[in-house]
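The same chain A turns up in both complexes below, where it pairs with chain B and then with chain C.
Right after this comes the complex of A and B.
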C-alpha cells in the first residue's frame, strides 16, 4: 500500500474510527492488531512469502524466548548470528553469491521490512539478555515487529517505548491541538513525497535518460549536476515524508514514535550528518555495533583506543551502507560514508591537538568555517548518493564527466 | 563518591579544572562525544567496580539525563554489588 494514496488515507481513517468506537484497552489492542495484519497483508506478494514472514516473526520470538530461559550465558553468540544470517539470506546480498550456491539464493521470497525487524530483534535480544527489558510476551512482540507505524522503513523504535504504549493504549490525543498537529504531519508528509520528492525523482530520471542518450562524456554539465543533486533531494523528501506520515499516524493512536530527521543538510561533517539523518538507525548502530565493540577495544587495548575508535567508526558506517541494499554499489556507499566519518573524527582530533580545547571551540564557533563545512558536507553526502543506485560503472562515468567539465 | 567521580571526569576529559554538578549534561562538556562517553563509562566501571548494560550506556546521554542521574545509577549499582 502506497502512503501517497486514498487507499492509505481510507485505511487510516477506518482504523482510527474503530479504535475510538471500542471502549476497553483490550478491544483497542485487537483493533490495532487487526489493522497491523491488514496493512501487512497488502505487502505480501505470494503464499511462500507469507510463510517466510510467519517463520521470521515466530522464529525471532523463539530466539528471544531462548534468551529469556537464561540457561546459557553465551546465548547471544548463537541467537544474533541466526538473526543476521536469515536477514542476509532473505535479502540475497550479492557477496553471498561468492560463498553460497545460486540455488540457495534463488528463493524469490519478499519480506517487507525484514531488516528493520532484524534490528528490532537484535535490540530485544541484547537488552533482554542484559535485563534492561521486562519479560517479552508473544503478541506484544508480534505487533512491535509488524506494527504499521514502522513496518516498511522504520523508524527503529525501542521495545520498552512500544510496550509502554501497548500496555496503556488509551484513546490517543485528547486535545484538538495534538490532533491538528498529527494530521498536519501526515498530510505534510504525503505532500513531501508527492510534490518535491516526486518532482526531484522526475528531474533525476529525465537527466539520466538524456545523459544515457548522449553518453556521460558528451552530456552538458548542467545535466550531470541535475543527476548529482536531484537524487539526494528525492531520497530526503521521500524518506522524511514517509517518516512524517508514520509519526503523525502513530500520534493519532497515542503513540510517540521516534524522530528520524533533524535538518541533515545543515550538518558540518559526516558524523554530524548521521546524527541528523536516519537518526533511529544511527542510534541503533551506535548502541549495538559501535559502543559494544569500542568498549571492548578500550578495555583490552587502551593504548590503541583512539585509532581503534576511528577504525570502528569506519566499520560501523561501512556496515550501515552494506545494510542499505544487496548489490555491490551499497558496499561503495558504505565505504564512502565510513571514510567520511573517520576523516571527520581524525580532523577533529588533529585540530584539538594543534589548537587546544579553547582553540577548537573558537574554530567551531566561527560562522564562515561553519558555512564552508556545511557546503562541503552537503556535496560529500550528494556524492555518496551516486552509489545508492545500482549501476556503479555508470555513476563513476558521470562523476568523471563532471570533474572533466569542472577542470576543463 | 562525588570526589571520586569528579576525578574520573577530570582524567577522562583531561581537564584539571572540570567541576561536575548534578544538573550538568553531556551537551555542556565540549569533548563529551560518543568516544569519550565510552571512555568515561569504562573508567567509571574500573573505579567503582560496576558494569553498565548497553541500554544504560546509551541512555546516560539521553534527554533528561545528567551527572546527578549518572551518579545515582552508580550508587545503585554499588549498593546492589555489596548486597545492601
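Right after this comes the complex of A and C.
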C-alpha cells in the first residue's frame, strides 16, 4: 500500500474510528491486530512469501522463547547468527553468491521490512537475555514485529516502548491539539514524499537519462551536479516523510513512536550526521554493535582502547552500510561512512590533544568553522549517496567528470 | 483611541480546543495532501525496507 494514497488515508481513518469506538483492551488489541494484518497483506505478493513471513515471525519468537528458557548460557551465540543468516538469505546479499550455490539464492521471496524485524529480534534477544525486558509473550511480540507504525521502513522501536503502549491500550484519545498535530504530521509526511521527494527523484532521473545519452565525460557540470545533489534530497524527503506519516499515525492511536531525523543536513561531521539521520538505526548500531564490541576490546586490550574504538566505529558504520542493501555498492556506501565517522573521531581526538578541552570548546563554538564543517559534511554525505544506487562504475565516472570539470 | 486586543470569543479555540494557527495550518496541509495524492504517481518508500 502506498502511503501517498487515499487508500492509506481511508485505512488509517477506518482503523482509528474502530479503535476508539471500542473501549476494552482486548477489543482494541483485536482491532489493531486486524489493521496490522490487513496492512501487511497488501505487501505480500504470493503464498510462498506469506509462508516465509509467517515462518520469520514465528521463528523469531521461537528464538526469543529459547533465550527465555535460560537453559544455555551461550544461547545468543546460536540465536543471533540464525536471525542474521535468515536475513542474509532472504535479502540475497551479493556476497553470499561467493559461498553459496546459486540455487540457494534463486528464491523469489519478498518479506516486507525483514531488515527492521531482524533488528528488533536481535534487540529483544539481547535485552531479554540480560533481563532488561520482562517476559515476552507471543501476541505482543507479533504485533511489535508487524505493526504498521514501523513495518515498512522502521523506525526501530524498542520492545519496552511498544509494551508500554500495548499494556495501556485502553487509554482515551489524547487532547484535541495533540490529535490535530498528529494528523497534521501524517499529512505533512504525505506532502513531503509526494512533492519535494517526487520532484527530486524526477530531476535525478532526468539528469541521469540526459547524462547517459551524452556519456559522463561529455555531460555539462550542472547536469552532473543535479545527479550529485538530487538523490540525497530525494532519499531525505522520501524517508523522513514516511517517518512523519507513521509517527503521526502512531500518535493518533496513543503510541509514542521514536523519532528518526533531526535536521541531518546541519551536521558538522559524520558522527553528528548519524546522530541526526536514521537515529533509531544509529542507536541500535551503537547499543548492539559498537558498545558490545568496544567493551570487549577495552577489557582485553585496555592499552588499545582509543585506536580500537576508532576501528570499531569504522566497522560499525561499514556494517550499517552493508545492511542498507544487498548489492556491492552498499559495501562501498558503508566504507565511505565508516571512513567518515572514523576520520571525525580521529580529528576530534587530535584537536582535544592539541587545543585542550577549552580550546576544543572555542573551536566548536566558532561560527565560521561550523559553517565550513556543515557544508563539507553535507557534500561528503551527498558523495556517499552516489553509492546508494546500484551501478558503481557509472557513479565513479560521474564523479570523475565532476572532478575533471571543477579542476579544468 | 488606541488599538487593543478584542475580547471577542475565538470560536476555533472554544469549540475545537486547538490554537487557531494550528487549525488553519492543518486545513492547508489537508488541501496540499489531497492535491499531492491526486497528482502524484505511486511513490514507494525506498529506504532499506525490503
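One rule holds in what follows: the second predicted complex is superposed on the first by the 405 of 408 C-alpha atoms of A that agree within 3 Å, B and C clash if a C-alpha of one lies under 4 Å from a C-alpha of the other, contacts with A are read in each partner's own complex, and residues count from 1 in each chain.
By definition in this document, a contact is a pair of C-beta atoms (placed from the backbone, for glycine too) under 8 Å apart; a residue touches a chain by one contact, two chains touch by 3 or more.
Since the structure is predicted, the reported quantities are computational estimates derived from the model, not experimental observations.
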Which superposed partner A:195 touches (first chain B, second chain C, both, neither): second
Contacts of A:181 with chain B and chain C, given as first, second, both or neither: second
Residues of chain A touched, compared between chain B and chain C (which is higher): C
Touching partner for A:325 - first (chain B), second (chain C), both, neither: second
Touched partner set for A:4, first chain B, second chain C, both or neither: second
Contacts of A:112 with chain B and chain C, given as first, second, both or neither: second
Contacts of A:56 with chain B and chain C, given as first, second, both or neither: neither
Which superposed partner A:286 touches (first chain B, second chain C, both, neither): first
Residues of chain A touching chain B in the complex: 126-127, 130-133, 283, 286-288, 290-292, 294-295, 298-299, 305, 309, 345, 352, 357, 360-361
Residue ranges of chain B in contact with chain A within the complex: 15, 30-31, 34-35, 38-39, 41-42, 53-58
Chain C - residues contacting chain A, complex: 16-19, 22-23, 25-26, 29-30, 32-33, 36-37, 39-50
List of chain A residues in touch with chain C within their complex: 2-6, 9, 91, 110-116, 152-153, 175-177, 180-181, 183-184, 187-188, 190-191, 193-195, 197-198, 201, 235, 238-239, 242, 278, 323-325
